[in-house]
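Next come two complexes, and both contain subunit A; in the first it sits with subunit B, in the second with subunit C.
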Partner chain A sequence: MFLQQVVNGIVVGSVYALTALGATLVYGILRILDISNAAAYATGAYIAFFVYSATGNLLLSFAAGVVLTALLGLAVQRYLFAPLMEKPPLVSLIASIGLFICTQDLLRLVAGPQIQNFHAGGVLPNIYLERINLTVYGSWVIVLLVTAALLAFLYLLLNHSAIGLAWRATAQDLETTQAMGINTNRVIALNFLLGYGFAAAAGIMVGIMYKYVFPTMGDVPAYKMLAVIVLGGLGNPLGTVLAAMIIGLAETLIGGYIGFFLPRDALAFVILILILLWRPQGLLGRRQAN
Partner chain B sequence: MYEQVVAVNAGIFMLLAMSLNIITGFAGQPNLGHAAFFGIGAYTSALLVAKAKAGFWLALPAAGLVAGLTGMLLGLISVRVREDFLAVTTIGINFVLVAVFQYVPFFGASLGLVVPPATVFGRRLDTGGFLILLLVLNILVYLLCLRVRFSWLGLALGGIRNDEQATASLGYNVNRFKVFAFTIGTFIAGLAGSVYAHFMGFIMSTDFSFPVSVSIMAMAVLGGLGTISGPLLGAAILTLAPEIFRFVADYRMLVYGGLLVLMMRFLPQGLLGENSPLANLLERRRPGPAGRVAPGGGNRG
Partner chain C sequence: MLRVENLAVSYGRSQVLFDVSLAVEKGEFVTVIGANGAGKTTLMKAIMGLLRPFQGRIVFRGEDITARPPWYRAELGIGYVPEGRRVFPDLTVEENLRIGAWRRAASFKRSCERIFTIFPRLAERRHQLSKTLSGGEQQMLAIARALVLEPELLLVDEVSMGLMPLLVNRSFKVLRELNREGVTVLLVEQNARLALRAAHRGYVLETGRIVLSGPAAELSANEMVKKAYLGG
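Then we have the complex of A and B:
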């Protein structure tokens, strides 16, 4: 039972990590909190759902959901955030909240408010391991494999490629990097492309895992995404993955064993507020100069 | 009668938008959980009258005080946690609070709370009475905003908004002013919550959820953060629009969200902010002395 809860927590944490990584990357460079990144979660799931309904090809629908949503992220960067760069951070923050709320309502209008069944499971069978009393769901394996692959891809990209070097340089000092002749606009565009794509992948996998999609499915992940990236120290990809796992595990374990008087979804914010009071810069964040 | 109910709703949101403006507009501190303090006021007042049998006129200031004290705590947090961290913390507070209202039986849990009506001299306060009360409260808060904005306090708050470190280097106690802005702003939200609870006669957790915070922010932003009259105008427009245009009522979040995006993109200073077309028009119409404008402040009300 304990093992079951732990694996469950890691699966949940993986989804949080994927959703939050995009906003973390964006924050790492632009120092703006892009809440609308979470809109990519539901948008991706819906695109995949529509493509799957039309073609019945799971791989194609996954790819379409991720790629189209990533392109959407590019458009958001170009037409909304780029012109706001010179303004105070509060302006971008409010705009991104507006975009998030707006996208949600748009999904409701386009696809209808009802829950739609997304029957794409059954790719991998569920296996019950009797000796260690653990049920391994096929959808879990997919989530874990895809998350691991995407994280490995991100790690290699950031640490072992030219554009990754440019990313790290831009994250340290945007203006100096620009002065060195690096096209920082490309780095920023890559950020949004990856960020929205990752969140879309998370949304699609959750849709497949629970077998349905609905317009406000991005709500809870969005707010948890915020808790996760703040806990991880805003802009620190490694911290974000760590914080996502901590919150995923804390939710399943505290919910399963100790019990808490509040619902599971409020727990992330309780943890967040407590940790922020103790370490205002997040778990792995560097202390800001005062 | 219907018009009066709409007017009461507008009056409540005017109070909320003005109070948020003190925190986010004057002091520049992001607060995306303002509905939480609205809720604290509403629940405090409802519980005081329903369970402790206190009168409405005692519960009203008490609701403000409890909300204000909680807001003071948030202000103290804001001293430690800044900008984006603070924005997320306020969202978190909103969520945790709604969860508490929804799951703790003392607060009526998912059934909500029935709120006894407000009385004045033994008679039940009717919609007209609420309108007069709201008018008085709005005028008081408006005068307070004027006073805050065009005093040394307003200048200090504006300094914090524009450049916190420079303001601190001039010898201002930045932290004290921030806490002050949070306390005043949330106190007013608490008052608004009390009026809301007794006017509606029934409250539940979702009345104070995150989308309500976003709506309040949309109102303040539409009119102009940091202006005096902007939040009033924004609240009036956004509470009346759904009554006049049916489609706004159906697509409320689409309109509010879209408005936030468009305003931030094209007119971040708001309808009545500095150099906005509307503000310039009003300025040209009234070629009097610009004495009301604070030196160095810049934002016109």
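Then we have the complex of A and C:
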């Protein structure tokens, strides 16, 4: 039972991590909170749902959901955020909240307000491991493998590639990086491409796991995303993954064992408050020099 | 090589530069001296493309670059040593240089080795995070980072700031040597005495306007400059 909850928590944490990483990358460079990153979660799930309904090909629908949503991310950067860059960050924040709400309503208009069944499961069978009393769901395996692959990809990209070096320089000092000859617009575009793609992957996998999609499915992940990126120390990718796992595990373990007097989704924020009391800069955030 | 014509820059409603014109010829060492807040850093940022002027032109080697982004200017060969050094604290010395050489990546290995012969201290600290370097070493790194671009023109914003006198002298020596080897230098500097000693020509910037210009020796002998910038 304990093992079951732990694995479950890691699966939940993986989804949170993928949803939040884009917002973390964007914050790391632009110091703006991009709420609309969570809109990619539902958008990706819907694109995958439509492609799957039309073709019945799960791999194709996954790829289509991720790639098309990532391209939408590029468009969002180019046409929404780039023109707002010279305004105070609050303007970008409000614009991103507006985009998030618009996206939900757009999905509602296109696909209807009802829950749509997304029957794409059964790719991998569920296995019951009697010896350790653990049921391994096929969808979990997919979530864990995809998350591990995407995180490894991001890690290698940021730490062992030329564009990753440019990313780190840009996050430390945007202006000087420009003066050194780096087109920082491309670095920023990469953030949105990756961030929206990752969030789409999370949304698609959740759609497959629970076998349905609905227009407001991105609501709770959006709130959680905020808790996760603040908890991780704003702008720190590793901290984001760590925070996502902590919240995922806490939700399943506390929810499954002790029970909690508030809804399970409130737990993320209780944890957020408790940890921020202890470390105001977040888990891996740097303390602001005064 | 560089011509700045009638440049005017403002931050919001407060204007910082008024009708600034200056020129730097190939091989020259030119300095702009001025007090704190005279607009020296603003001038450098505008030349590098980090600030947009609302009036005037910037021409580099015959090309009007006023509307061009900073990375394009770096590609053309303008190296930049920012005020306060601004090395990337969480990158190693070598990674800092790699960023500086972004537009000359093909020749990075060669230029990097050349830099390390000029600054052997940096070679020793090659794999150290640059935030662990001393102030003087960081200043050397900031200059080295601009040099790996193999620039035609080196813009230097306050080489003396926050350094102890011994290191200030050494920094000026490095700039003079580089200039002797053919790098064109435009230095804005608060320390007028050292700047005028190092440069061929100078401009005096006062509250956003060029009020005086001429050969460095002439400026050093000028009564107004002596009084205001050389301590009587």
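The rule is short, and it goes like this: the second predicted complex is superposed on the first by the 290 of 290 C-alpha atoms of A that agree within 3 Å, B and C clash if a C-alpha of one lies under 4 Å from a C-alpha of the other, contacts with A are read in each partner's own complex, and residues count from 1 in each chain.
Rule of thumb we're sticking to: contacts are C-beta pairs under 8 Å (C-beta built on N, C-alpha and C of every residue); 3 or more make two chains touch, one makes a residue touch a chain.
It should be emphasised that the depicted structure is a prediction, and the values quoted were computed from it without experimental measurement.
Asker: Subunit A residues in contact: does subunit B have more, or subunit C?
Answerer: Touching more residues of subunit A than the other partner does is B.
Asker: Scan A:V187 for contacts with subunit B and subunit C and give back first, second, both or neither.
Answerer: neither
Asker: A:I142 contacts which: subunit B (first), subunit C (second), both, neither?
Answerer: In the superposition, A:I142 touches no partner, neither subunit B nor subunit C.
Asker: Contact-wise, after the overlay, does A:Y223 reach subunit B, subunit C, both or neither (first, second, both, neither)?
Answerer: A:Y223: touches subunit B, not subunit C.
Asker: Considering only the touch criterion stated at the top, classify A:T177 as touching first (subunit B), second (subunit C), both, or neither.
Answerer: A:T177 sits against subunit C, while subunit B stays out of touch.
Asker: Under the stated touch criterion, which partner chain does A:V66 make contact with: subunit B (first), subunit C (second), both, or neither?
Answerer: neither
Asker: Once the structures are superposed on A, label A:R168 by its partner contacts, choosing first (subunit B), second (subunit C), both or neither.
Answerer: In the superposition, A:R168 contacts subunit C only.
Asker: Touching A:L80, do we find subunit B (first), subunit C (second), both, or neither?
Answerer: first
Asker: Which parts of subunit A are touched by subunit B and by subunit C alike?
Answerer: No residue sits in both footprints.
Asker: Subunit A touches which residues of subunit C in the complex?
Answerer: 48-50, 69-71, 74-75, 80, 82, 86, 88-91, 95, 98-100, 102-103, 105, 145, 149
Asker: Quick check: in the complex, which residue numbers of subunit A touch subunit C?
Answerer: 162, 165-166, 168-169, 172-173, 175-184
Asker: Which residues of subunit A touch subunit B once you look at their complex with the stated criterion?
Answerer: Against subunit B, subunit A makes touches at 27, 31, 33, 80, 83-84, 87-95, 97-106, 109, 223, 226-227, 230, 234, 261-263, 265-266, 269-270, 272-273, 276-277, 280, 282, 288.
Asker: Applying the document's contact rule, which stretches of subunit B touch subunit A when the two form their complex?
Answerer: For subunit B paired with subunit A, touching residues are 24, 28, 30, 32, 77, 80-85, 87-89, 91-93, 95-96, 99-100, 102-104, 210-211, 214, 217-218, 221, 251, 253-254, 256-261, 264-265, 268.
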